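Look at the two complexes coming up: chain A is in both, with chain B in one and chain C in the other.
Up next is the complex of A and B:
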């Protein structure tokens, strides 16, 4: 491509070596955390936060890449979890193959759904994702013979998975490291996508779909692919959830889980790749601290959401970056 | 050789025909003006030719003799038909050069540098489109259409919102550019100074039909055109 002397640029500026160093440090610090924490309870909470962080990252990725809001991402998360449970229960395949299946099916489902609904604008798209999600939830509740209904399904995992003892996936110390590193890998992968040719095209489509068509781009397939990528990330979270808890119930398909992931993304800052994951950490921190004081901890989450939406539209992550930039600017002066 | 031709082009909205059986043929290399009062069907004609008009449109569109009526907007662009819009239609959050590069990724002959140079966008290369002036966004809108050197360019009021000086400067520059690049242009414009200064021929639309066609001098001399549209401007 002849970009001609002009500096190639996407909206996301490439990261400096210093930024990469800080990121590597953050990832390593997270992975090194478990031995320093005596409390299993805290590690359990952090593991849940990391899994929810991946789910929130999937919702944030859709919002950032396509500009649309999903109220139904628990669908891909829950289907992944149920597929592992059902595959193992009925001995359809080896557990490793079940994990692959649990990643592939929600991704393909998201793509096919995407081809059907990506042209639906704004709020109608959100309502459609909500309706589709609730349809799957209702099926899980009503089809007791398949899903176990409200009682859910216990997952009889094998002693080993991918050559690792199953305890690695289930003990909070190792599970947190696994989930944390997976979260980091997901964010890195999404960073690469955002800076790829495909990422630039989806950015243009998000900004002005009609103009994108008039400069020669087919827009339905890229938008469906974004939904598929987002669905895959949600499925990764669902797989980790199923392996960690060895249990699945209709709650994993409920709209409130999708709503929580969206709240995490908004609190953290959906325009940042790591913002939704940061929001998940804040969400669980508030939930834990407030939960010790009152059973109405959701009210505090709601208050946090209102404050962030009204006063910090770029989210806590975006505000943190602005604050650091201001401090750096002040120091430079 | 006709660069672009439309036969019996019609666009209906229920019982109302915004465009009613229009025939138009623009030879290669020509700048054709398209004028008429509001509601005459000018933008609708551009929409029908570019594939934007939707299912209520009918008629045949040919690009250099090839029937492109069944093609979508993307395929028409690949075939060499580009357009700009009445209201600026850019990518607000992308940098100027960023969006031109995205457009160039689809072009057979990417020419980002050349287009930026021709339209004087170099100094704005790294600015977000949302942060540049309206006049600059109009030039960016035109630049997006010029990426890949299209064979035919449909311009829907490229000078809208510009001052008279800016309009005339843009018109002269456009005339020079399309002449050098060999691009055929169909230009919708309300600014008669612009139209009469750069167009080889002019088609006048009125109530969805062709009222007249000719050189600028011929059009000025047609009493119906003066009555319907030009008035004292002529």
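Up next is the complex of A and C:
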């Protein structure tokens, strides 16, 4: 994160040509990947990683902007997925409208919830998000008449969505590009938010809420808005998941999904905008490799979380940057 | 009706024993132990393993002692070294411990559900106002009452109790007054985890024992602690009794919403009083 609060805001919003170059490179690399990779299996994995990367980005953004740890972001993700399934099943509206609804409802829910609970202390916030998430999960399991219970719901998607054939959203080759581009767009949008006037205010509130209030800022609404933004990003991931899988079950609401997203964010480095997404890529890659070697994936991820949290607060992403900087320094010398 | 109230007390009592362990640890270390549900689960398995060989009561004692030792380790290896770190660090580390403990339990005891029969002495029923009620369940209520009474006396009259109460209200001033929170930290954390072991074993004949059994109780006891007010013993007591009754009412009368009711209550309490019903009182 850059410092220097005295510089004009517009300065921060401007990206250097190198940053643009890196973004273009990352986007192009993603888009160029499918034709190069013959393996549908790898692409399936990468598509899942990109969707989870968006979810992890939402958890990381909340941690970066508000300093609080959420154990319940699967709630916004899962509600988005279920809303698509339900509105199509009951023919409430066109599928395109369902997508919009699935983005709006979790955002509003996050905002209202935020207004209610932003004043609780940070640790209580973490406990609450866990409880809220689990309440929705249990509801989805128990309310069989609405949600189909543990069996879940198949989503009968129309042949076309937003003018695109539905296969675009579902075949790994195109779905990966779509999810990858969405991920890049989300990270870019969060960058703009972080460097806007609003982003500065949230930073001030995170560092010292009392002082921010003292110098005249209303702090509850901005904090609720941060939760809403983060909820919207989680909902985007949920929508992509629903379109890609054409099926939802209560697992999309379970706290272990929230926990995984949190772990990805921490491992990748929540202080970086792209850290959580990077964490998601590493998570899926290692999971795939480790899955063949050990049955103790859960213990492995738990130990990794402990080690990274204590010894590597910048995450793997932060270490990568340091490593690159050190290499460049070494080359210059 | 009587049976329903009593069943609410059974569940509320169990929740109280788990939640008050969280409160103890929070009061002194200012951290929320996300691994507390897993300690409850480990307590159930340890109790089950010892009880199947040496009887229920030995199992209960063994579980309490084992978990107390685990608590000492937890304090020495996690809470104490991380005491100056950001709260989120400790929180995430205890989350990591949760994952490791669940995996460990799965490796040692397998994924299958186990069950532990109640001790022979308590296999029958007792007639209360014309209704038969399992005597084991009555004992659970008794254990919870004993824990509550014992803990209140200990907090009220012992030196450590005084320190714990002081630290729960204001840890900084307490430390300034010369209370060595590190020394008593070990005792308090061990007591908190021992209570998780006790509740795990006591709950074992009522629930199915499995590596994933900790998640549900963790979340419910979080609700209790948040409603009661983080760090409040009296608040946790009241909240556990209320949630116990509400949970039971929900399960009987509206099963589809049973888990939503405590959650709605929690949000309502927090909007009304962000620091819980007890506020900043102990």
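As a working rule, the second predicted complex is superposed on the first by the 318 of 333 C-alpha atoms of A that agree within 3 Å, B and C clash if a C-alpha of one lies under 4 Å from a C-alpha of the other, contacts with A are read in each partner's own complex, and residues count from 1 in each chain.
To be clear about the criterion, a contact is a pair of C-beta atoms (placed from the backbone, for glycine too) under 8 Å apart; a residue touches a chain by one contact, two chains touch by 3 or more.
Since we're looking at a predicted model, the values are computed, not measured.
*Asks:* In the superposed arrangement, which partner chain does A:207 touch: chain B (first), chain C (second), both, or neither?
*Replies:* In the superposition, A:207 contacts chain B only.
*Asks:* Quick one: classify A:298 as touching chain B (first), chain C (second), both or neither.
*Replies:* Only chain C; A:298 stays clear of chain B.
*Asks:* With both complexes superposed on chain A, which partner does A:174 reach: first (chain B), second (chain C), both or neither?
*Replies:* Neither: A:174 stays clear of chain B and chain C.
*Asks:* Per the contact definition in the header, classify A:215: touching chain B only (first), chain C only (second), both, or neither.
*Replies:* Only chain B is touched by A:215; chain C is not.
*Asks:* Could you say whether A:255 touches chain B, chain C, both of them, or neither, answering first, second, both or neither?
*Replies:* The answer is second: A:255 touches chain C but not chain B.
*Asks:* Give one of first, second, both or neither to describe whether A:197 is in contact with chain B, with chain C, with both, or with none.
*Replies:* Once the two structures are laid over each other on A, A:197 reaches chain B alone.
*Asks:* More residues of chain A are touched by which partner: chain B or chain C?
*Replies:* C
*Asks:* Could you please specify the touching residues of chain A with respect to chain C in the complex?
*Replies:* Going by the criterion above, the answer is residues 63, 67-69, 71, 113, 116-117, 119-124, 126-128, 130-132, 134-135, 138-139, 142-143, 255, 259, 262, 266, 296, 298-299, 301-306, 309-310, 313.
*Asks:* Can you name the residues of chain A that touch chain B in the complex?
*Replies:* Within the complex, chain A touches chain B at residues 1-11, 197, 200-201, 203-204, 207-208, 210-218.
*Asks:* In the complex formed with chain A, which residues of chain B make contact?
*Replies:* 50, 52, 72-74, 77-78, 82-83, 85, 89-95, 97-99, 101-107, 110-114, 116, 122, 125-126, 128, 144-145, 147
*Asks:* For the complex, give me every residue of chain C touching chain A.
*Replies:* Its residues touching chain A are 31-32, 82, 87-89, 91-93, 95-100, 102-104, 106-107, 215-216, 218-219, 222-223, 225-226, 230, 255-260, 262-263, 266-267, 270-271, 274-275.
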